[in-house]
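Structure incoming, see below.
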Amino acid sequence: MNLEVTLPGLTLKNPIMPASGCFGFGKEYSEFYDLSRLGAVIMKAATQFERPGNPTPRVAETASGMLNAIGLQNPGVERIIADEVPRLAGYDTSIIANVAGSFLEEYVFVAEAFNEAKGVQALELNISCPNVKEGGIQFGTDPEMAKKVTAAVKEVSNLPVYVKLSPNVSNIVAMAKAVEEAGADGLSMINTLTGMQLHLPTGKPLIANQTGGLSGPAIKPIAIRMIYEVRQQVSIPIIGMGGISAAEDVLEFLQAGADAVAVGTANFQNPFACVDIIEALPETLTKYQYTSVQDVIDRRSVHV
Amino acid sequence: MNLEVTLPGLTLKNPIMPASGCFGFGKEYSEFYDLSRLGAVIMKAATQFERPGNPTPRVAETASGMLNAIGLQNPGVERIIADEVPRLAGYDTSIIANVAGSFLEEYVFVAEAFNEAKGVQALELNISCPNVKEGGIQFGTDPEMAKKVTAAVKEVSNLPVYVKLSPNVSNIVAMAKAVEEAGADGLSMINTLTGMQLHLPTGKPLIANQTGGLSGPAIKPIAIRMIYEVRQQVSIPIIGMGGISAAEDVLEFLQAGADAVAVGTANFQNPFACVDIIEALPETLTKYQYTSVQDVIDRRSVHV
Amino acid sequence: MKKRYEMKVLTVDTIAKETIEMTLYQPEISQQTVPGQFLHLLVPGFTLRRPISIAKVHPKEGTVTILFKIVGDGTKALASYHPGMNVDVLGPSGNGFSIEDVKEGERILLVGGGIGVPPIYHLARRLSEKNVELVAVLGFQSKDYVFYEDAFKEIAETYVVTNDGSYGHQGFVTHVFPEVGKFNQYFSCGPLPMLRAVTTELKDTTGKVSLEERMGCGVGACMACVLPTVDNSYKKICSDGPVFSAQEVIL
Amino acid sequence: MKKRYEMKVLTVDTIAKETIEMTLYQPEISQQTVPGQFLHLLVPGFTLRRPISIAKVHPKEGTVTILFKIVGDGTKALASYHPGMNVDVLGPSGNGFSIEDVKEGERILLVGGGIGVPPIYHLARRLSEKNVELVAVLGFQSKDYVFYEDAFKEIAETYVVTNDGSYGHQGFVTHVFPEVGKFNQYFSCGPLPMLRAVTTELKDTTGKVSLEERMGCGVGACMACVLPTVDNSYKKICSDGPVFSAQEVIL
């Protein structure tokens, strides 16, 4: 079955990619399977300089989900381009770089740096990381700020830019429209919902950063709703994510309005999650009378 | 162990009450146990006139949660006062009336009607029901609107007013502060998160209303985060809810900043959920070295 | 007061394609139940309970038999249970088929479709204790899905219909109505399209139908499972039903 | 390529208070593992896997023994497994105790605390194959929690310490260090406060410690389980560790 999808700057052999931050730079999972089987790899967030991240504990388990507050630990964009991109470029898969920052200039710096990174085919602009204290969060919840950072990055980048939206907003459609107007080539949604878990013996937040981002199957209904709402009003492509762990979930995201998907938390439970889903996808699509991934996209009803 | 808590207008023998909409008017659950064992009962939403609610399907199951779009089906405030309140008033428990509406005047009408309802001890102002299409949602996501409806209800009501907040907002603290300023006696949080599930064979939303409200353990980390955030900045009491299904959850909500709690979805899985939790609470508090419910409230650290 | 039961699984058998027959031990339920009532089963890992009709009881042995089709993750998990395990159950729930107005000597039509057959079987057994004549029309997708034909034959004149004609008559249950002859009233349970066809076809005959809807609480409190009625109101399937007069509801 | 295994449960025994010993069958893991490595177990119904150290292997029989304490819902569920069931496992994971620089004739101190004892036992068995002298100091909360004392005694001079003095020496593991005499290097695993005390007390001795942190992926990809190092960077417990040189990390 033809699983191919074409998005701005990306022709993917299948619509499945590991989600940013859940797959590092692919090295560890390449010990489980050949990364060439993936539609694409979305790398862990890159910032201008090396970031040590947050104190531990950084994760907690919740009902059908988890909280994380890694805090964008990464070696900085230069070392990512020097050490990680070339290795990933050795696989027959597309590379999407996740761009993060604490202020507008940092996003611009990082985005520009990836212009020189051979093999990187698109940027995912992480304006929504709820764990960055200095300001990242504002970009993600204010349409004007989101517009500004998107426009600034578009200005300097050679690559298609997918803006990753935060679900922690009253009006997701306003955010999507804002970044579309600012020239975004696509959307990536959703990032994590801000949550907290307390450690009962102390009554204090279990995660050192206090709050963490909620991911996993628990958030899938919110992701589906947001993608569905945005798809009615915005025409740029959407990379969908939030709780995907099976081929049926992929179909649901495609039907809701996504054009490709990312798998995050599920990798932790099953390191083969991405390839298991890719393998199961043809049978699942056939079961529901679809002939290809593109067929799902073509036949979904947009009820504007 | 002393489980008593005192809130404006309410002296509860224990902090556990069934959440609005998940317990009808208590009749069905009174066939399982004596409702006098409950701290209070929060009744199903009342509107000015009878409402037929939404078409079916009205519920769907999700990972560690569920979606509902009942659509405020209720017989109207008059019949609730005539038929339901007197029966509930026969139990040794407090009654909280949930007030809903599609426009400001309806909230005011319903709130005023409850002035005459002997036995009703407090109002829960449902400004957040995501299933009301005509406008209810705006009250719940806009601080100015929330202020307005709260002030209007406070103006006419003899009863303490707990405003029930929607989690579908960028800034929950702003909402809480707004209604506190408008004179709310307490907060009730959280209502459901707006979600969606698709029916794979058709690719259309499974719930007839398209979107539904997500409840259950899946949303607990979001509820805890929001209550914790609000507790740092707002001093009126909070009735906490969202995914509570065990005594440990109650402790977590109290530690986060709640002064009493409501149990919703858990009743569906276990009709004895509320009383099972009440029974388990003393042992759980003892395990974590608390001597009473008030002790948890007194000892929680508010880190402003 | 209503209770919550732990019912011990005695047997689990696949009796037709994707169709599981499970016997559970619980004397109280076994003795109290009325045909058409259901059990509300909790499968660990799922938020909501699953409603499954009672297909048969043996009050003396204290057993209750249910039949279910594997359609999703909950029924799949339930199918993997083995004897000796316990199932957490509420029930017997709902209002079943009232058979008080069935008079001696009447000829009764029973129409069951697919996984709607089990409660009709329970009803047939009860009715067979009365002095009435029973005709059963049972519809299935195809031959592989047919079950309980012999059991029905013992107590009723039985017609089996399959959609694809791979067994018995071909077509829909309504297609054999002309062959059935006259009858005084009917009882039916099955998928909605079948019930629509049956009630339309038999609109001038007294009848009772058992209905399905997605449930929240299953006890009548949450208003999830409502059904519009002819008098412009709503009924709750879990507590007012699942059995309704065919004349009363809008399908 | 790394694999995911289904390991069959052979035995499940409560060997001390809240302490379960479980034997699993998986020849590959049994043959490949190094002391200090862990299994990453998936318990159905939970999002994240649980890391549990390997306590013992019998490569000939193809078995792997783990010991765990019931501390929360995941370990509680695991404790309810019975022989014949399968557990979904990743492993052997992490970098274990390297014993290459343990020289013949050395005297080695092993310090285990509570549920940190199992990997130390695995290590002790490996070291006992070398011509070295082993001293084990094992700390437990109280008498009820003591396990593996006899097993250690077979291969090491063994001191048992309980916090409340209900068995063996009273106090902390460090309290018996003066009695232990001289040794060349040490290996330790246990709760963080114990490891802090041990590494402080023995700061001038070469030592290796095994550490714990909450994990996301367990394979080195997510950066959940990091630990600050003396050179101002971070190490990942799941893949760089769980065993580190005591001199290298900041506890």
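Letters are used for the chains, namely A, B, C and D, taken in the order the chains are written, and counting of residues starts over at 1 for each.
Basically, a residue touches a chain if its C-beta (ideal position, glycine included) is under 8 Å from a C-beta of that chain, and two chains touch if they have at least 3 such contacts.
Chain identities (UniProt): A, B = Dihydroorotate dehydrogenase; C, D = Dihydroorotate dehydrogenase B (NAD(+)), electron transfer subunit.
Since this is a predicted model, take the numbers as computed values, not measurements.
For the pair subunit B (Dihydroorotate dehydrogenase) and subunit C, there is no chain touching both partners.
Of all chain pairs in this entry, the one linked by the most C-beta contacts is A-B.
Summarising the inter-chain layout, the chain whose CA centre lies farthest from the centre of subunit D is C. Centroid to centroid, with C-alpha atoms defining each point, subunit A (Dihydroorotate dehydrogenase) and subunit B (Dihydroorotate dehydrogenase) lie 34 Å apart.
Between the Cα centres of subunit B (Dihydroorotate dehydrogenase) and subunit D there is a gap of 47 Å.
A separation of 36 Å divides the Cα centre of subunit A (Dihydroorotate dehydrogenase) from that of subunit D. In subunit B (Dihydroorotate dehydrogenase), the residues that touch at least two other chains are 62, 64-65, 216-217. With chains as nodes and touching pairs as edges, the resulting graph is a single ring in which every chain has exactly two contacts. Across the assembly, chains come into contact as A-B, A-D, B-C, C-D. Here subunit D touches subunit C in the complex through residues 44-45, going by the rule given at the top.
Considering their complex, residues 21-24, 27-29, 31-33, 44, 52-53, 56-62, 64-66, 68, 70, 73, 216-217, 265, 267-272 of subunit B (Dihydroorotate dehydrogenase) touch subunit C.
By the touch criterion stated above, subunit D contacts subunit A (Dihydroorotate dehydrogenase) in their complex at residues 1-4, 42, 46-49, 90, 213-227, 233-234, 239.
Subunit B (Dihydroorotate dehydrogenase) contributes residues 62-65, 67, 141, 168-171, 193-198, 200-201, 203-205, 210-212, 214, 216-222, 224-225, 228, 243, 248, 251-252, 255-256, 288, 296, 299-301 to its touches with subunit A (Dihydroorotate dehydrogenase) in the complex.
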